[in-house]
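Letters A, B, C, D and E mark the chains in the order given here, with residues in each chain numbered from 1 onward.
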Amino acid sequence: MIMILAIALIMTIVGLILGLLLKGIDRKIAAYFQSRIGPPLLQPVYDIIKLMYKQTIIPVTAVRWLFSSAPVIALASSALLLLYITIPYIFYIFEINTTLQGDLIVVLYCILIPSIAMVTGAFSSGSPYAAIGAQREMVILMSIELPIAVVIISVAWHAADSMADPFAISSLFEYPLWHNAGAFGVLGGILLFFAMVLVLPAEMSRVPFDQAEAETELAEGISVEYSGKLLAFILLTDAFKALALSMLVVILFFPYTLSQLFGISFQMYGHTLTPFVEIVFLLFKIIVIYSFGITFIRVVMARLKISQVARFFLFAITAISIIGLILIMLDPNMRII
Amino acid sequence: MVYYYRCYNVIDNNRGTYVKKINYKHLKRSLWAYHMNTGSCNACDIEILATLMPRYDAERFGIKLVGSPRHADVLLVTGTVTEKIKDKILQVYQQVPKPKLVMIIGSCGATKGVFHESYAMAGPLDTLLPVDVYVPGCPPRPEAIIYGVAKAWEKLEEL
Amino acid sequence: MKSDIVYPLNIGPVHPAFKEPIKFTFRIEGEQVAGVDIDFGYTHRGIEKIALERNYIQIIYLLERVCGICSFSHPLAYCLAIEDVAEIQVPDRARYIRTIIGELERLHSHLLWTGIAAHEIGFDTLFMYTWNIREKVLDCLEEFTGNRINYGMLTIGGVRRDITPENSETITRMLEYYMELYDRASEILLDDLTLRARTEGIGILSREQAEMFCAVGPTARGSGLLKDVRIDYPVNAYYDIPWLNPISPRDIGKEPIGDVYDRMAVRVLEIKQSLNVIQFCMENLPEGDINSGEGAVKIINKLKKLEGEGIGRYEAPRGEVCHYVILDNQEHPIQLKVKAPTYSNGFTWIPMLTNIEIADIPIVIASIDPCVACADRMTFIRKDGAKERYSWDYLHQKSIQKYKRSANQ
Amino acid sequence: MLGMVYKVIEQIFSKKSTNCFPMKYIPNNTTQYLNQGIIHPPIVVKEGFRGRLEYDFQSCTGCGLCSKVCPANAIELYSAEINSKKTKRVVIYLTRCTFCKECVDICPRNSITITKSFCMADYKKYGNSLVVGSEYRQQFEIKDHADVE
Amino acid sequence: MIKHVPVLLVAIPLVVAFMLPIIGMVNRTIRTITAGVAIVIIMVLSYLLIQDVMICKKIFYYMVGSPDPTALFEHGLTFPIRIALKIDQFSLLFIIMATTLSFLFYLFSSQYIEENERKNYFTVLYVCMVAGMMGMLIANDLFTFFVFLEILSISSSALVSFRTERKHPPYAGYKYMFVSSIATSFFLLGIAFLYAQYGSFNIDYLKKVMDGTVLDKIAIVMLILPLAMKCGVVPMHMWIPDTYSEAPAPISSMVKLGSLICLYGLFRIAFTFGSHVYVSYELGILFILFGVLSMFVGVTQALIQKDVKRLMAFHAVSQVGYMLLGVGVGLSVIKSGDASFAIYGKIAMIGGLFHVINNALYKGLLFLTSGIMVRHYKTRDLNVMHGLAHYDKFTALVFMIAALAISGIPPLNGFVSKLIIYESVFHYNPLLTLIAIFVSVLTLASFMKVFYSAFLGMPPERKPVEQPILVKFSMVILSIIIVAIGLFPQGIIKLLIEPAVNALATF
């Protein structure tokens, strides 16, 4: 128990730094895409430090206790989300046996909590811009929930007949989605991956789905009234979410470790270094997913309208993911018995 | 049913909390700027935007334009302050959390410049707010604006 | 979460979507706009009044700063007006140089607009891209006129600086650069998926409405109204360009319906047109003087002794600007009127802004390329707590009085 | 349709358009930035750029034309005593100037010239660096526009 | 003593109910306290049974009127018709829920309903309602069940129209009365069909002797449909919004509780007779259909409501869908013979029954908070409300807990039962899970809207009055239970729900 707590603490701190770094990488790559040099990689860290020193203004129209507790709740819940998703994988890499398996449906709901906290905070600020932003965020949440649910259910479905709990994150390491997949399964998996990658920017409120924070329409929307520390918490929440969500995509679709893929292991002076190399590999996967799913998409697209987003997710993306689900259900090889 | 939101810029500064010993140093590596046009001719405004463009890329110094004064560290003011916008600039200034800097971009903001005889002016900005850096030019080149920011860092360093 | 709550949403006067202070009050139903009220006047600097206390040369630089984006069009219209009164003959070379700068300005303004429009819909890469390629024309202008913006090139009776061979080389290189770039850039601007999704079918201004509200410039042309001062009342070198035609979305094979996309298309096509005009002027640049040969002092002295009224019209990037001056044997003009394009186009917002979504507001507002700096005609300032608002009748009477006075003087 | 996609991919591999001014990376502290001289050379602007004004105290005759023609009231004429002759001289407030070069054009003695330097930011509105010709003037008080009117 | 608990559970409230008007004439405070004490007593009595019933798996039988009422009754026709009572694990689960919640709601109402001459009626009717519920829960013969159902309906319809000074409540009460009398007459007809064939009302007996004739099946349908109607299952939910929205807040909660008791009847009849007559698969499908319909229709209707109580009423409809879904899946596989019941059917039923409890908790709490809102704003229109949270932190917090619980946000109780339902129903058909998840997100959206409209925004024009202590107390207890169950669901599942499911499944 104590070990788990210690690991959780270390991982929170590491996750914080990595999350901020991920955002730094995102900004850097985006700058390169735009033919600029871009800020230093540690820029998000500087921003956070600066915000910590700044005054925190609470508008009089705000419901004070809600306004100031919302970012804290968002931060805490996103940190928990990160731990919840990552711990099974880390344990798996370090080959620690544990009962902490993680449950995909819990993840599905935990993703909601930071957003709900933010929406509540925005509503409580009393600013009409924030209120419109929060309404939009709710619409986006509602419309992406269905595709995510379909993805998670189809991923679970392929493992439904295995002995393991199909919703457990840890069973994905044993039975990755592509395990035994036939042609149908691979096709379905690709569709699901596509859907999930498009869900990523919507969860993270990035262009083309950043209606809730649309700078030119709503003057930063949800976070318009936040300043100082509370704003820093919001940015940290964002960092945690960035890491957690790309981690989720990695786990759902590419849980393979190097040793699984190539059967290699790393030794040095008689100690095994495999877990550490695996972690580096994991970070590599996360960066690739993030820079493709978020950075690339956000630089090549314009912001859509909220009605377009709702239609896009509720119909197009849901349809795509349901086709993926059906394909996986049709694939005879996917039934592991 | 019609809802009336009271204008949300009423703020009560006493309710805010901040580190008493103001440490400006931390602003240096990440200056978030809020740009406000107080009656300029737009030339300075487009030069500010040009500063953020790939050619000059102010973001590499951590400078970022933000959409809400509450997120800002620097207030970039362009243009001479007209009577009608005077209240607004004061309000915006109030909404910027401390510590904060004010930079005037362009000559007409600093002194009224070419509009000096106008009846519609509420005076140069420094009669209304403490101003930290003046960037003369009509309009200043983007490089001159970046130089102004570098000047601001220098000032922060000394504090 | 559509709700039928109607509430007012104030956008501006300070809002990241507009780089200039202007205030819109929308009545919002859910995400739909039900009505709009516009409040101008935040940048009113009383330029028309200041001008009456300055001499004729100073006014040029003052009018340059009506707005920094078409900082050539306003002084040009003024110079044309003065030249009209004083019957000053502008040398051919100066006319061509004026045309070239005017078109360079149009080029930079349209590129700027595309960037801003992209920014309004959150397409920052396109914003960066257009502004990045815009640097080329700014470089060119800088080398040519001495500043990136607010060129200070004009003087009454000509221009202040000549195009040196070195300059013309730069301009030729710039033209090559843009000609090469144009096809791909216009493809990005006119065919991009998300851009089209955001611009097509919104902010519609029908031809009839455009006529009714006296829309000018690309706003009118986007609605299929073929209206272009360069062609209708040619000045400068435009007499000599036979192939110049008003642009309309028909040129890319699209029936104009007057939506944001059409206005964008017009601007993108005008970039090409400007490039052609510049090329034409560079090729046919006549030799000769660049101004009437009189120095500033001489001009001032000459105008001091003149009496009469003059009018100058020019097609700024945003549409027609029109300056009207009355001279009366004084060191200063006794009347100067500026009619700026946004002043006409501003009214087209009313039909455009109704029944759109909140998300469309910035792009629709931006689509006429507003420049409130020049449209701010009047402001209500409540000094000393006087809460009085003038009625239309009162103002009407006042203006009649004023014009009578200036006519009698 | 996907023009931007190709464009960004092209841009990520091509040379960046950024012009590294004033320095490539921000140093740890400004003293370092001032002393170690890694500031990039000021941007080369082309001949004819209208930057900072320079004033030649000696050649000026005090005719006052420049101050008359200045649209921004940036040139102040003051009485001076040079070689015990009562005459006039000018100071130029750069924070008012619009850099229109009209004074340069009109000056009969070419006493005002324009330079290419444009980095003029300062902390004081009428700091020494922003008032051209102030070094010649013994004592003077700055009149703001507000006071002038 | 404990042997007589079954009869006491009904008798105490009934007797007290008839005494109350007399006490009320003497002293109103004593009357209020007496009623409270009566409810506390039955609550304690029901807790006393936990040890015997849940842990030692005893079943209490009681024959009112027989010389030795607790002696096990041999089924035979020699006995005259008797009132047969029975408490097994399944009914005890509901008894505990009903007593606890009626107690908490009573605490709330004792200070919420203003003191005047009509409060006498209120208290009497309230206790009658409790008696009706208890009777339904422990009745072991259909006729007794019917009688108590009627008691419940009549007293609740009277309470719905309690605020006679206003225009709508009497109308709503009348509507409720009308609908429920139609329903109960069908129910009576169903009983008659069975009695005509087998000559007994006794559920155990009927179960033994039923042989699945067409008439039996018709009778089962006639028993089930009225109960479904009383639970507010789509498409028979039209009475719900009016009834819930017009009743005073604690009564809305009680009516909701009553409809959950009808759900008990529904499950009991479906499992007892259905599985015996081999229609359990069809019934299960019917339940699932009803469930999905209710979930979807309820939530979509709720999304467009502007009246806070109507909105909550529609959510009540959609929540019933979850329970029907969970239990329906269990019912449809209970007799399928393979291992699927063991793998997921039972878990689905656990989820369904757990959801009943959770739903009663947070739904009750929501109705109570809505009462506070309505009392403060003097209107139920969400568009008019704004900013209560500026002054009333307590109500806002409590509402938040309940709203998050109903939307299934971890770590609150609604999430746990929903999670169990999702993961078990998934094996039956993943699409059902999908719908359930989606409905839950829509629920969230709709409650965010309520929260925003009622609590956030500009501060209200006047400060809210401080809530009386008991009102606050009852709400605090409810929220504590909600959070506690959410954090430690294992205990309550092991202790109460699993035995109940076992009892139901082996019936």
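To be clear about the criterion, contacts are C-beta pairs under 8 Å (C-beta built on N, C-alpha and C of every residue); 3 or more make two chains touch, one makes a residue touch a chain.
Just so you know, these numbers come straight off a predicted model, no measurement behind them.
Undergrad: Identify the chains in contact with subunit A as well as subunit D, in label order.
TA: Touches both subunit A and subunit D: B, C.
Undergrad: Give the fewest steps needed to get from subunit A to subunit C, where each step moves from one chain to a chain it touches.
TA: Minimum number of steps from subunit A to subunit C: 1.
Undergrad: Between C-D and B-C, which chain pair is linked by the larger number of C-beta contacts?
TA: B-C
Undergrad: Give me the ID of the chain with the smallest distance between its Cα centroid and the all-protein Cα centroid.
TA: If we average C-alpha coordinates per chain, A lands closest to the whole-structure average.
Undergrad: Which integer distance in Å separates the CA centroid of subunit A from that of subunit E?
TA: Roughly 39 Å, centre to centre.
Undergrad: Report, in whole Å, the distance between the mean C-alpha point of subunit D and the mean C-alpha point of subunit E.
TA: Their C-alpha centroids are separated by 81 Å.
Undergrad: With centres defined as the mean C-alpha position, give me the subunit B-subunit E separation in Å.
TA: Using C-alpha averages as centres, the distance is 61 Å.
Undergrad: Report, in whole Å, the distance between the mean C-alpha point of subunit B and the mean C-alpha point of subunit D.
TA: 21
Undergrad: Could you tell me which residues belong to subunit D and also touch two or more other chains?
TA: Residues 2, 4, 8, 16-18, 25-26, 45, 71-72, 98-99 of subunit D each touch two or more of the other chains.
Undergrad: Please set out, as single numbers or ranges, the residues of subunit B touching at least two other chains.
TA: 1, 3-6, 29, 54-55, 57, 60-62, 66-68, 114, 117, 138, 141
Undergrad: At which residue positions does subunit C touch at least two other chains?
TA: Within subunit C, the residues that touch at least two other chains are 1, 5, 7, 10, 16, 54, 61-62, 65, 125-126, 128-129, 132, 135, 150, 192-193.
Undergrad: So in the complex, the part of subunit D that touches subunit A is made up of which residues?
TA: It comes out as residues 2, 4-5, 8-9, 11-12, 14, 16-18, 20, 25-26.
Undergrad: List the residues on subunit B that touch subunit D in their complex, please.
TA: Subunit B residues touching subunit D: 29, 54-57, 60-62, 107, 110-114, 116-117, 123-124, 126-127, 131-138, 140-141, 143-144, 146-148, 150-151, 153-157.
Undergrad: Can you list the subunit C residues touching subunit D in their complex?
TA: Those in contact with subunit D are residues 54-55, 57-62, 64-65, 125-126, 129, 132, 135, 142-143, 146-147, 150, 152, 160-161, 184, 187-188, 191-193, 295-297.
Undergrad: Show which residues of subunit C lie in contact with subunit A when the two form their complex.
TA: Interface residues on subunit C, with respect to subunit A: 1, 7, 9-10, 15-17, 31, 118-126, 128-129, 132, 192-195, 197-198, 357-362.
Undergrad: Touching residues of subunit E toward subunit A in the complex: what are they?
TA: 387, 389-390, 393, 396, 400, 404, 408-410, 415, 419, 422-423, 426-427, 430, 433-434, 437-438, 441-442, 444-445, 448-449, 451-452, 455-459
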